[in-house]
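Shared between the two complexes below is chain A, which pairs with chain B and chain C, respectively.
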Partner chain A sequence: MYWNYLVKRLAISIITFFIAACIIFLLLRTMPGDFVSNLVLSFGNTLPQETVEAFYRANGLDRPLHAQLVTFFSGAFTFNTGTSFLYGVPAGGLIADRIGWTLLLLIPAAVFSLFIGVLLGVWSSWKQGSGTDSSLLAFMMAVRAIPSYWWGTMAILFFAFLIPFFPLGGYTSLTVLDSGLSIQDVLWHAALPVVVLTLVGIPGTYYLMRNSMIHTLQEDYILFARARGLPETRVVRHAFRCALLPVITMSALQIAGLIMGSVFVETVFSWPGVGLLTTEALQNRDLPVLEAIFLLDTVAIIVANLVVDLSYPLLDPRVKRYGE
Partner chain B sequence: MRKPLLVALVAIVCIIIVLVSLLHGTGILSASTTKVQSSQGASLEDYVVLPVDSPSSLITGNIMTQKGAPTGSLIYEGLVTKGRTGDYTGWLADSWESSGDGSTWTFHLVRNARWHDGVPFTSEDVKFTHDYMKANNLPMAFVLSDVESVECPDQYTAVFRLSHPYPVFPDRLAQSPGIGVYPAHIFKDVSDPASWVDPDPIGTGPFVFQDREPGLFRMQANPSYHGEESEIAGVILKVVSGIDNQVLALKKGDIDAVSSLPAAVGMSLANEENIKVYTIPDTTGYELAFNTQVYPADNPLFRKAISHAVDRDRISTLLGYARPNPTTFLIPGVAGDFVNPDITGLYGYNIPLAEELLHDAGFGKDASGSLIGPDGKAVELTMPLGGKGAIGGADEKIVTIFREDLARLGIGLKTVAYDNEKEYRKAMSTAPVFIDAMPSGLHDDPDDLVNFAYTPLGDENYYRYHNPGYDALAQDVRNTTDRESRKETGYLMQEILARDIPTVPICSTDTVAAYRTDRFRGWEEAVDANGVVDMRVLTVIRPVDASS
Partner chain C sequence: MNSELLATRKLSIRMCSCSGPQTLIGPVDLSVPEKGITALVGESGCGKTVVSLAILGLLPAGSEAKGVISFNGTDLLSLKEKELREMRGKEIAYIPQNPATALTPVLSAEDQIAETLYYHEGLTGASLHRKVISLLESMGLYNPEHVARSCPHTLSGGMRRRVAIAAALACSPRLIIADEPTSGLDSRTRKNVLDLLGRSSEGRAMLLITHDLEAALSVSDRITVMYAGEVVETGDIMDVFDSPAHPYTRALLSATPSRGLIPIPGNSPLLSTIPEGCRFAPRCPHSTARCRLRHPSLTRLSGTRVVRCDMPC
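So, the complex of A and B:
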């Protein structure tokens, strides 16, 4: 049964990827503006039509849409979306050079925000109705409402400039040019961006964990456990296991939020990751790079959802039994 | 219970393997590699550190696919560069002359220039650059679109044969955006320049590529430079996104200078310790432009009335580091005696006169004070905002003042913002009035007045302004190389513009820059530069003397 479920989920994931790729393709081609016109109009010059046509021909943009779609799909599965208009290098290679830097921020932020969000959510639910709970709720609402780039800007202003404890931005000091990369230096530069990304990732997990715990704590078996005289800490531990399951599901969607958050955070901190690349590619209508980035984001979210779906029966025996 | 644990363990191992592979690409796992210092033994402290906005400004790919003037790259040079008062300075060209009609230009090249790998620079490189860019349909080849062929009668002479007379052809090569000369011996073996990554950019300029890391690009001073050698060890370009971060980096000492500051930021830095603010005057010109085929701007008296409703003094004060431009189109600070003195001050701010002219044009006010046109409808203008005029929010500031004055005339004003250049240009073609901004390099010569005629490409001008007499004068100015004749023709063209008013000049603004006074000095001495990442600046600045 489990293997049938696995095959079915894989098939659905592939179909989802296909549909998402079509949407990416169409959206990017209907976006106003194009690279070469923007480039030369920015100099206040009129662009000769033959230059525009030559650019379109060289990049296959003069072909019918369906022909471009076929080319797009033939490269989509290998992330070969062509050469970046702006950088003049293969878009896939460009992203491969930068994805590591993005993961350096995303993974710690994802882990920390999940951990802290879960802990705070459990605590808040345990203290439901108290001043602590209300304060935490209000704080999380404020954090959630304020965009990540504001948090990033404030972090730079307070902790890198007014109190110059951290660097202003970038991924390393200039010493990299003479002495090569230093892991300590990179981690020092990554600290503030990771803190900001973690901060913006906590509220979602916190809300879900809190609400899930409150709901679980109202179950009959919890009442029974309390009636039997179990210590409150053990009661909470029992409730925690059940309440955690929705949070695990949501963590896959959190990845999507963190990827978008990293676009702003990387731009604010001049971090050389995929986020900064996305900002630049959008501003310059660099289609091959945008296609590759959005395909990568799509794959990341699909894989995350797939992993969660497949691990659910392993985590919750009830799901596995009902499936059988 | 063992199965879930086993699955979890396998998943963790897989994730670690994937992560290590991905992080390997960053180089972080091969950290602490000892690198080679510059041959002159300079330390990082001796380098000038300047910010760039994005990684794409750091010669990614190769120079043939990059945008921008040769002065900006620091490694490559062009044949000539142009000063702010219209004088040309030779870089790779010693001297130059044209045929009587300006259709053939002969450049005599410097004889002691070498590429950074030691290969001598010759006229073959000039010819190669032209032929190669066109053969490969590279986007920047449009700069050479007027050139039919380049010939090399000898190693140090390059002859450009143009498709039509072009008396200011050096202007084309020098700025907005200008074009460099690139090494034939490197690119002749590159069959696909659009996707070739140059591992070691080789130019003739005063700075030599040294090394790079993501977000950093280091160049050292060229000890064998054919021109004036730099007094600094070199330059490091560092990616610092956003002007706010650049200002913080300047204050903290992470970078040495920054340019293109908003006026308010420039003013706020005036009292900062160890920071000096200076301006590069008249770098951008703003105009209120009319679409002369769209109602109500198709009425010459309406345009004349509006020309008296532009409060240049207030607008200049609001923009900051700006000064009113009282003439037609050419900016006095850079155009010099090309500006016709007889048409200065014709568009004085005078609301009563504007009302009178509107009345003469057949417009009148109703009981509520709204201006009613000859068609019986209330006059309301829709103005697109975007393009170069939107940089720093200049167009919105101009509109803030302009809207008040239009309201006094009973005219409503709506604005629509466009963040895309192409869409903005499309909106301009149907709007009766819009704000446009051009770099001063496009406001400094009678040749720039051709913007009001049919362009050499046969395209209509932005203003949809048609005047056969004006077009004929535009042809004359394009076919005349004599400076005095060009000036006289330019005067006549300006008289016509002053009469027909396809555009109303508003003001010119300065570029605001700031630098740290405790590191390097001489930034303000480069009077011809347009910013800080500019060869003309970096070849004159020098370290602050410890004793000074």
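So, the complex of A and C:
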């Protein structure tokens, strides 16, 4: 039974990947301009026509769209989307070099924002209607409404420029030239970007947790738990176990938000991760790199959803455990 | 003599209505003797459940109870939250109306019964487990070990009801408040539940909240009838059934299946738009102009028989 379920879920994931890949392919090709015309402009239109045509031919961009799609798909499933126009090296290699830097920001930010969001959400629902609840609610709305690059810029302005405690950007100090990369130095540079990413990741979890808890606290079983004289901490735990489920489901989708956030935050902080690479590739219409990045994001989100789906029976006994 | 365990004196409850806070319930004078079952009867929306929540100190936020709720000599309304909490579940138990939604879905039956025992009696480990199993057995469940391990969604409605009752009664409370324990049940299950409640309340006090007069008749010793937020009649169950003094009680009795299912004309008023005089006057066949102007007070007919009517039958 469990295997049937697993195979079915995997099949659905592969179909989802296929559809997402089609959308990526088409969207990137509907962008105005391309790598060469950008280049041609930067050379002041002095590039010989033959060179331009040779480039299109070399990269297969002169072929009809359906032929390009076939090449794209044969590459997509092996994760080989071709050579970067800008760097002249395989796009996959470029990402592999930088993914570690991005994960260094994303993983702590994801963990902290989930943890803090859940905690504040529970607390806020418990104190529902109080002054602290409404001010927290208003604060979260502000955090959510203002884009992450503004928070990044403000963080740099206040905590790196006016109060020069944190570095202005980058991932290392110049001491790297003498003594090599030091872990403390890198973590010190990562602190502000992680804080900003965490901050913009909190409201989503907070809102969901608060609503879910408020809804659960009105259930009959909460009244019954109180009527049995259980301490309030225990009552909240009853509600928490039930209220956490939708938050876990949504946490997989929160990852999408974090990836988007990391593009802005890495750009603002000049952090050499995949987010910064995305900005560069977008500006230069570096199609192979963009394709590789978006395919990777797609896979990340699909896998996160799959993990949540498969772990659900462990969290909620009402979801049937296949194989039992 | 069967002395009084719970008594409310001039209990009134302010609640938030559409037009701001308003006194909606009261005055309610209720008396529950130390042993036996007292039925609190009335139509839906007359405030029975709110009174039971007030006794437990679990009124919704923004509501306020005034008057005296005396339990074994202590005024519950003067207690601090912590003292009240220690009383709930240990001294006063509450059996919820809908057992399907009264158990936390993600915890096993054992967890939910055991936590009550753990917090009130400090039981742990093997002795806690034994107590849970013996409680489930006493509820008439055939396979207590299996039920104990199960989560509520795998149990049938009847089993859930028994688990909920077991959790409520785990600490042998002196007073049991059962909120509509028979609503939505077929006649056979209804009888089973009433029997079970009758058995588990032996030697203790029970406040049975119900709109089911026949259920009340079959198990209770005393009855209090509420209408539109106030008590209209109190007495020994046989006296009240044989010769109801308040026109509302009489109308309620005529509306039971065994007495011909005669409906009461009109609707009971919303608690926020209560008439000035006697609250039942607009629907009462014997009402006079005086009834509509003057709100009658409770008068003692004999011994423990009390009625709120100027012209009792």
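Keep in mind that, in the parts below, the second predicted complex is superposed on the first by the 315 of 324 C-alpha atoms of A that agree within 3 Å, B and C clash if a C-alpha of one lies under 4 Å from a C-alpha of the other, contacts with A are read in each partner's own complex, and residues count from 1 in each chain.
Keep this in mind: contacts are C-beta pairs under 8 Å (C-beta built on N, C-alpha and C of every residue); 3 or more make two chains touch, one makes a residue touch a chain.
Since this is a predicted model, take the numbers as computed values, not measurements.
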{"item": "First, second, both or neither for A:51, with chain B first and chain C second", "value": "first"}
{"item": "First, second, both or neither for A:100, with chain B first and chain C second", "value": "first"}
{"item": "Touching partner for A:234 - first (chain B), second (chain C), both, neither", "value": "second"}
{"item": "Residues of chain A touched, compared between chain B and chain C (which is higher)", "value": "B"}
{"item": "Contacts of A:223 with chain B and chain C, given as first, second, both or neither", "value": "second"}
{"item": "Complex interface listing, chain B residues touching chain A", "value": "3-4, 7, 11, 19, 22-28, 30-35, 37, 43-44, 49, 54-56, 60-62, 65, 67, 137, 139, 141-142, 145, 176-177, 193-197, 210-211, 213-216, 218, 236, 238-242, 244-245, 248-249, 251-252, 254, 387-388, 420-423, 425, 438-439, 442, 455, 457, 459"}
{"item": "Residues of chain A touching chain C in the complex", "value": "129, 219-221, 223-231, 234, 238, 241-242, 316-318"}
{"item": "Touching residues (chain side chain C, partner chain A) in the complex", "value": "56, 58, 61, 85-90, 93-94, 96-98, 101-107, 115-116, 119-120, 151, 153, 164, 167-168, 170"}
{"item": "Contacting residues of chain A [partner chain B, same complex]", "value": "32-34, 36-49, 51, 54-55, 57-58, 83-84, 86-90, 96-101, 103-104, 107, 153, 156-157, 160-161, 164, 168-172, 174-183, 186, 267-270, 272, 276-277, 279-280, 284, 307, 311, 314-315"}
